[in-house]
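Right, one structure below, let's go through it.
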Amino acid sequence: MANITTLSDAIATHVRDGQTLALEGFTHLIPNAAAHEIIRQGRKHLTLVRMTPDVTYDQLIGAGCADKLIFSWGGNPGVGSLHRFRDAVERDYPHHLEIEEHSHAGMATRYVAGASGLPFGMLRGYVGTDLLKYTPNISTVTCPFTGEELAAVPALTPDVGIIHAQQADRHGNVGLWGIQGVQKEAVMASKASIVTVEEIVDELDSRVTVTLPSWVISSVAVVPRGAHPSYAHGYYERDNDFYIGWDSISKDRDSFDAWIDRHIHQTSDYAEHLRLVDQEEGVLA
Amino acid sequence: MANITTLSDAIATHVRDGQTLALEGFTHLIPNAAAHEIIRQGRKHLTLVRMTPDVTYDQLIGAGCADKLIFSWGGNPGVGSLHRFRDAVERDYPHHLEIEEHSHAGMATRYVAGASGLPFGMLRGYVGTDLLKYTPNISTVTCPFTGEELAAVPALTPDVGIIHAQQADRHGNVGLWGIQGVQKEAVMASKASIVTVEEIVDELDSRVTVTLPSWVISSVAVVPRGAHPSYAHGYYERDNDFYIGWDSISKDRDSFDAWIDRHIHQTSDYAEHLRLVDQEEGVLA
Amino acid sequence: MTAPVIAAEELVATDDEMMMIVAARELRNGVVCFVGIGMPSTAANLARHMHAPDAVLIYESGTIGAKPTKPPLSIGDGELADTADAVVSVPEIFTYWLQAGRIDVGFLGAAQLDKYGNINSTVVGDYDHPKVRLPGAGGAPEIAGSAGEIFLMLRQNNRAFVEKVDFLTSVGNAEGGDSRQRMGMRGKGPSVVITDIGVLRADPASGEFVLTALHEGKTIDDAKAATGWDLRISDHVEITAPATDEELRKLRALKAGEL
Amino acid sequence: MTAPVIAAEELVATDDEMMMIVAARELRNGVVCFVGIGMPSTAANLARHMHAPDAVLIYESGTIGAKPTKPPLSIGDGELADTADAVVSVPEIFTYWLQAGRIDVGFLGAAQLDKYGNINSTVVGDYDHPKVRLPGAGGAPEIAGSAGEIFLMLRQNNRAFVEKVDFLTSVGNAEGGDSRQRMGMRGKGPSVVITDIGVLRADPASGEFVLTALHEGKTIDDAKAATGWDLRISDHVEITAPATDEELRKLRALKAGEL
């Protein structure tokens, strides 16, 4: 059964230096509060897994938490580059970042294999691409019936999978709806899992389309607006201004460091950071 | 886009002698009306695919429509044997029935492979079982990363996939809820598909958890109580008495033939059959 | 004063009831149990109403955490979906849930069983010309392979408890010893067989099933006579605690849909 | 009388607007289109509001039949889910929908493109020490492989239209001829590139992209100067029909969220 606790306690309990973490959420329900808490607790040498490392991983990478990134699309959606990610890859700042790069279909296949207890997954993909030259863990498998060759990729089995969802009930059963991405797979492929939720309710909303039973989750923590600047369907919309504003904050190393200091190290939790964001709205726009 | 038509027209349009058909529905939403119409139209030499050939396939087999059965569990759920299936396998009556037998996990994997455009699927399964001796299309594949050996089974790609669902909208988008089985996979693995529905509505019910867009379906036909004696969640319950009553009807070749004659050949549609069933309630119990 | 007498008569367990009550006792609270239809399902639901309210029952129809008020006739009754914590597709239940190793106990029946707990649910007689064609594998082979351990329950007689199964549908402890592990199976296989006569447990070293308990009124000779192989008997055969009034009342209420 | 003059000025398409309008015209009604974010998404939604109301737009976030009223900023905006016929998981969109061959057209952008329509969206410069690290593959490699055909749109200049892409992220017509088919790809690959200068179409035999149309006011020299390879010119270069008032008004209303 999931332990219902604070985010700070959940991260302190499950996340260790050097682990492989997957924070998932496909544009929707990105667990940004959890990423902040990982930075706040000073975790280092992490291998970060995520299909779309956007602002949340830009912060973790810029803050020096990550040694390696496993991903398929690293940009600021609708805005442009992730400057901290680029600074790490192009100029080894704040230090070298190893990358392992796949396609979305490949990453999704890897999560499904991990969630299914299979050592690998297969797909029609990668053929003819330069990914084959630079990503060593893409192989092939031959269909024993037709002789066709298919791409093979190893299962992802992160140490900790972290997602955000709309609701949990008092037993820790988690429900989410709207765009569901690979969140279910990320939780089920991981050895431990943390789910932050908007609220705990007596009964899950009737719109819930994905339910993760309490007993497949390690910890549940309530963090209202915990997905901001991403969104939580039915709760709040995507803060597009924040994503646009992030471009200038993150372009400059000093302004990034100042932002991390002010918004993470000098705050005690995500609620305090959100109050700052609400106050600074003009600055970010 | 799906053609919205009568069941009789849908079967006449898509189902031909000698084809491979999958009628799916895992206890829930079994397309029994469609099976009756296939018998009524006198289709022969079919290869029938279904995880759980229950009463619906007992009727098709007993009526002599099938040359081959691909399946994983053939019984009358909660009651016992399928007598027409047994008569065919044990005594070649009404004629020899070739069987290709898998496990549930294997059949589900085969449908998923078919729905995914893959030539095969893999699973941890079959190891050590006598299924390997008698079912030729079970093979193995080796993980290129770990060296582990896994079972491999070929994709299922039936000529026609047939399911029953609660609702379609006026565009032919189909919605179902409750136990969903492998219905979505059966439709998406098949070259053509027919969906019978309880009713056509302006807007699908909010409980819908699986939506099959109109453009992946060949024909939609309205058949109220078209899953009977199976059930349609939110519409009517499983007719357990019918399943129990089927045991004695099907035990005897003559009583089976008389039943098929009276309930299918002498009726013009499923509604007429259902009126007979309602009248005969005492006889069946 | 007739009423109490009738009540007392009613509260004697039949052999089938005893088997279900003893099977229910095997399930610990909080266990995640993949349940076969019929007696395993009834026993698991009895456990849920007795000592194991937090047992999670999973049916292969994709219902997770089902809490039926009466024993479902089919594996996919509507009440399973209505009372479940989650309903997933059949492909998903076999991949994300069973194959991934999330099931503690697979709870199965069988038509035939050998001394290593290997199961036949396919045919009696020759496969191509069977004497009796049984329903077949269903979910059992992969449940037997991937669940943490397997509990079996079936009526004990020497047509069912055989020296060699006519068809090996689901692998138990294989040929004994470490033969199962060498096949690469992830779950540890069958650990207990609950029958209408007693309880058999797998010898940890050899994997062979040994009679370890007898239900009240049953004898070692009964067990031996009902077994088609030379049944090993534990040095300390326990006598099963009799069915309590509460167990019997709840089992009967469950079957009547009155719980 | 100033108002009509301002209105007339407004109704001259910018280069980007012309590119989106021409791209929209390529989509037939009823097409099932897997849409990349940005300009492809805007063009596809414009088509839906013009001649192709039954076009089915699929986004890799799992939204099928999305009907956004304004161009989504991200591939997973809430409005996509709210207006979709179905919302499925990301693994499912890439397996049951894309890989299974259910997509007619994949509609993509690119950072770099060669004459065979091979795409780079990964790095400019060397992979290990890139001059510019781009976002990477995303869904493109498998869209390029499995969609029935590929429509590309991007601004034409010789940093983007290159002799050789720095990194082959998504295979187009490979090395031309039947080289793509020999790789076992199921879709027939890129058939058209819509730019801010004109339209290039793949030569059916060689797979090389050939300039077949110019937008009003653009010249063959403009196109050649903006292309890093020796651009082939069709024997009959058409002049694109100018943007109609309706196209421009709807495009602008769409972008303003006023449709």
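Labels A, B, C and D are assigned to the chains in the order they are written; within every chain, residues are numbered from 1.
FYI, a residue touches a chain if its C-beta (ideal position, glycine included) is under 8 Å from a C-beta of that chain, and two chains touch if they have at least 3 such contacts.
Fair warning: this is a prediction, and the values are worked out from it, not measured in the lab.
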| item | value |
| --- | --- |
| Shortest contact path, subunit A to subunit B, counted in steps | 1 |
| A-D or A-C - the one linked by more C-beta pairs in contact | A-D |
| Whole-Å gap between the CA centroids of subunit B and subunit D | 42 |
| Length of the line joining the C-alpha centres of subunit B and subunit C, rounded to whole Å | 29 |
| Residues within subunit D bordering two or more other chains | 95, 99, 146, 186 |
| Shared interface positions of subunit A, touching two or more other chains | 112, 117-118, 123-124, 148, 184-185, 209 |
| Category of the chain touch graph - line, ring, star, complete, other | other |
| Touching pairs - complete list by chain label | A-B, A-C, A-D, B-C, B-D |
| Residues of subunit D defined as touching subunit A within the complex | 37-38, 60-63, 72-78, 80-81, 87-91, 94-95, 98-99, 122, 127, 129-142, 145-146, 167-171, 174, 180, 183-186 |
| Interface residues, subunit B side, partner subunit D - complex | 1, 112, 115-118, 173, 184-185, 188, 211-213, 215-216 |
| Partner subunit B, residues of subunit D touching it in the complex | 30, 32, 54, 56, 64-65, 85-86, 95-96, 99-102, 146, 186 |
| Footprint of subunit D on subunit A - complex, ascending | 26-28, 51-52, 71-75, 77-79, 81-82, 85-86, 89-90, 101-105, 108-109, 111-112, 123-131, 133-134, 148-149, 178-182, 184-185, 209, 231, 233, 237-238, 240, 243 |
| Residues of subunit A that touch subunit B when the two form their complex | 117-120, 122-124, 137, 139-146, 148, 150, 152, 154, 206-207, 209 |
